[in-house]
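Sharing a structure, written as structure tokens. Questions coming.
Lettered A, B and C in written order, each chain numbered from 1.
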Amino acid sequence: MAQKPRVAIFDFTGCEGCELNQLNFEDQLLDILAHVDIVEWREAMDDRPGEYDIAFVEGSLSTPDCIKRIHEIRRRAKVLVAVGACAVQGGINGMKNIRPIEQVREEVYGEDKYLFPTLPALPLRAVVKVDHEVRGCPMTQIEFLKVFTALVMGKEPIEPTSSVCTECKLKENECVFTKGMICLGPVTRAGCDAHCPTFGQYCTGCRGLVPEPNLEGMKEILVEHGLSVQEAWKRLQLYNAVELEGVRS
Amino acid sequence: MNLNQLSPRAEMEDLYLPVMAEIKETRRLTDLETLYTVELPDGRDLGHRPGQFVEVSMFGIGEAPFSISSSPTRKGVFELGIRKVGLLTEKLAELEAGTKIGIRGPFGNGIDVEKFQGKDVLIVAGGIGLVPMRSMINHVRDRRDDFGRLIICYGSRSDRELLFTEELEEWEREKRTEYHVTVDQGSPAWKGNTGVITTLIPGLDLDLPNTVCCICGPPVMYRFVLLALKSRGLADRNIYMSLERRMKCGVGKCGHCQINGSYVCQDGPVYHYPDIKTLQEAL
Amino acid sequence: MVQFFLESDRVAEFVTHLMKRKPVYAPHRKGRKSYSFERTRDAAGVVLDYPRVMQSVKKFFLPPREQLLSFDLGDNTCRAGEVEPLDAIFLGVHSYDLAAVGRLDHNFSEGRAERNYLTRRQGALWVGVSYEPDEYHFAGSVGIDPYDTEGFDIFLTRLLDGYVLEVLTPAGESLLEGFDLPAHEAGKPAKKHFQQHIYVPQDRLNEVMSASYNNPVWEETALGCVGCGTCNLVCPTCYCFNVEENVDITVTKGSRDRHWDGCMLREFSEVAGGEVFRETLAARQRHRVMRKFKYISEKTGQPWCVGCGRCTAYCTAGISIVNIVNRCISDYEKSTVSAIR
């Protein structure tokens, strides 16, 4: 690209874990900034209307106001990238879909529940067209850098579709199942370089499901390792509630 | 365990290192396809057979296989006809003459043209399948007396998507080329045949025992063309076809191009039909 | 053949001796219950009595990730990736894993020889060790005995209080130079018994597998298989790889890299435009198993499975390649019997 791409960053109701403006890969941040013009920081959203080449959007959508804003962002962005599990899958926020919405409102807003109309926590793609995704909770930094460089080069980023297990095997990690843990790696999308198993932890599935997952097979594995069917299903739902249950309200 | 039987290190070429070749010319064929004329360093000859392919790459973007569209009889440069479908091909479409791209190859078996000598050559090409077949067509046209009749059946989705339109007109005019074309859906201006490619086959005048047929097109096309040829009575042993699979290396190492036990980049992409008839995943 | 006796408490001394000659790669403990081949820095860390390592020695010759070339986006040039010869001793290798290296040698030298693999592979010296078959090994069924010394320079056969050390090649002999050992006279140790078996001899497997293309076992296995690719990625004879471009964050340079891939993964056979040639898990499982017992063996006369049991041991869904093959065999035998009737 001859001119530096104009980049905007927006944040919805994430957990603040992703926040791109707190990137803790600061060394690379300077390199990144050399390639782009950051046009608006999240607070600046409404001040300077204009177009941007790339909008990075974090967080899921849970109020009518969010929906209005995301349409506005989509209208002004040439490329829209969902960043983090909340934006991509509806994230942990999506868990509220599987409980009655009234109850959630009560818990979150207490007395004030009637003042805050909330929707089920939607991933961005339930409302607008999303061009690319950076998955993970918090978002996977290596993937963010890959997507970022691809977009700066004006090419389509490649999304991993294989399982976290493949990355474990390439690193020869001891499988956490051998230690009696229960892991969602077999049906979770690679791209984090098997981050959690590498540190001896199980994968909670934060990067979402692989395309066309065999969920029955996965449930069977979990049950085989001691979970009840309900517990197994709950495990799978943690980060995949919207995909698994659809949107309930 | 020793590996004495292997060639010493120094002799081993690097299979994955491309040579940098220059795009001499680009020509838009349609909205989606571009024809690239490419020259190897020092005008070196590519030395290919019709039906072979090269691996084309742009650094930082990727690498993919493309059939060589020009005939080996045309020396010095070679041609690639590339459809814009994704990552690499979109970027290739932006390139201009003078740019260098990475080339590895030629790879694959290609068509054993010697076997076709003296025979009537029937070409059945659907859509982008004309790109590789063009190499064979022009080979026959350039060594016209080595072969019998040249019969071309070409099918395209619409007349706007026809490739190499100037050459098609030439073939149409040529006495010794029997050229038939059909489009699935013609524009109002289209005067020719409408219908899928198989509709051309019943009307062909074929000298069956002396005809060899080469087929290339989208995956769905093969089964129907085969049926049509069969009902004309063409023997399986007279049929060749060029197949496409995912490829990552082009040199028989990465495993991606397998059809059952066959490697398309080694045993193909041009297959003798009797050899793959029983491979369940082939067609 | 010369035989010596290596007492258990001299093993570390032996390893130290080898380390003085060349770099040594050997099994070490990794994690709670696992072992892994690593460069030996301390002879005391070497474990010769181990059931299996997750990744065979393949990883040294065909690394999980490898740079094929590096490029400069500024001047549009490239250079082949650095490939260093590995002049090393591989100690404590089980017979099936060396047999698997032989299979890989075939793949990387057949047709066009591959510099990357062969350069690393050429200098290797092999010190084998016998093992106790566990609930997953079935190498015996594919003709590879735990005492099989083929290809080794030195072989260690485990006895109660130490190892019988056989010197098998001149290279092995020179490795031992300067290390004094008492000669060993006794005969062969007791035959090892496998707990897992494929129920027909390997030379008949082609025939069985040829008849099994439409066996319901593929669909049935696919119900439990989650397509994670583990079975490919731990197999010592699998060599498939994918290639990707990696660009530096400065967007001025980068590399074309390859990494292990596997035919159980959906994207493996996908072409531009989205067509996947082995769309279902059943078709992919069939492809994997046929690759091991039919497709390649038809051409080479050898099964492409060495019976290490890894794909079964590491499959989280508990899918057993032995059970799949035995199922094909019993269905085949039923069908031939009923055909005779």
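Throughout what follows, contacts are C-beta pairs under 8 Å (C-beta built on N, C-alpha and C of every residue); 3 or more make two chains touch, one makes a residue touch a chain.
These numbers come from a predicted model, not from an experiment.
If you compare A-B with A-C, the chain pair joined by more contacting C-beta pairs is A-C.
Chain nearest the geometric middle of the protein is C, using mean C-alpha positions. Farthest from chain A in terms of Cα centroid separation is B. Rounded to whole angstrom, the centroid-to-centroid distance between chain A and chain C, based on C-alpha atoms, equals 37 Å.
The geometric centre of chain A is 43 Å away from that of chain B, both derived from CA atoms.
Listed for chain B are residues 60-61, 86, each touching two or more other chains. Among all residues of chain C, those that touch two or more other chains are 244, 247.
Residues of chain A found to touch two or more other chains are 153, 158.
Taken together, the chain B residues at the contact with chain A in this complex read 60-61, 86-87, 90-91. The part of chain C that touches chain A in the complex is made up of residues 30-34, 36, 54-55, 59, 64-65, 222-230, 233-234, 244, 246-251, 259-260, 262, 265-267, 281, 314, 316-318. Within the complex formed with chain B, the residues of chain C that make contact are 68-69, 71-73, 76-78, 80, 85, 98, 101-102, 105, 107-116, 118-119, 121-122, 124, 126, 150-152, 213, 239-245, 247, 254, 256, 258, 261, 263, 268-273, 275, 277-278, 283, 287, 290-291, 294-296, 298-299.
The part of chain A that touches chain C in the complex is made up of residues 28, 31-32, 34-35, 145-146, 148-150, 152-153, 158, 161-163, 165-166, 169-175, 177-179, 183, 185-187, 200, 210-214, 216-218, 220-221, 224.
Residue ranges on chain A touching chain B, taken from their complex, read 153-156, 158.
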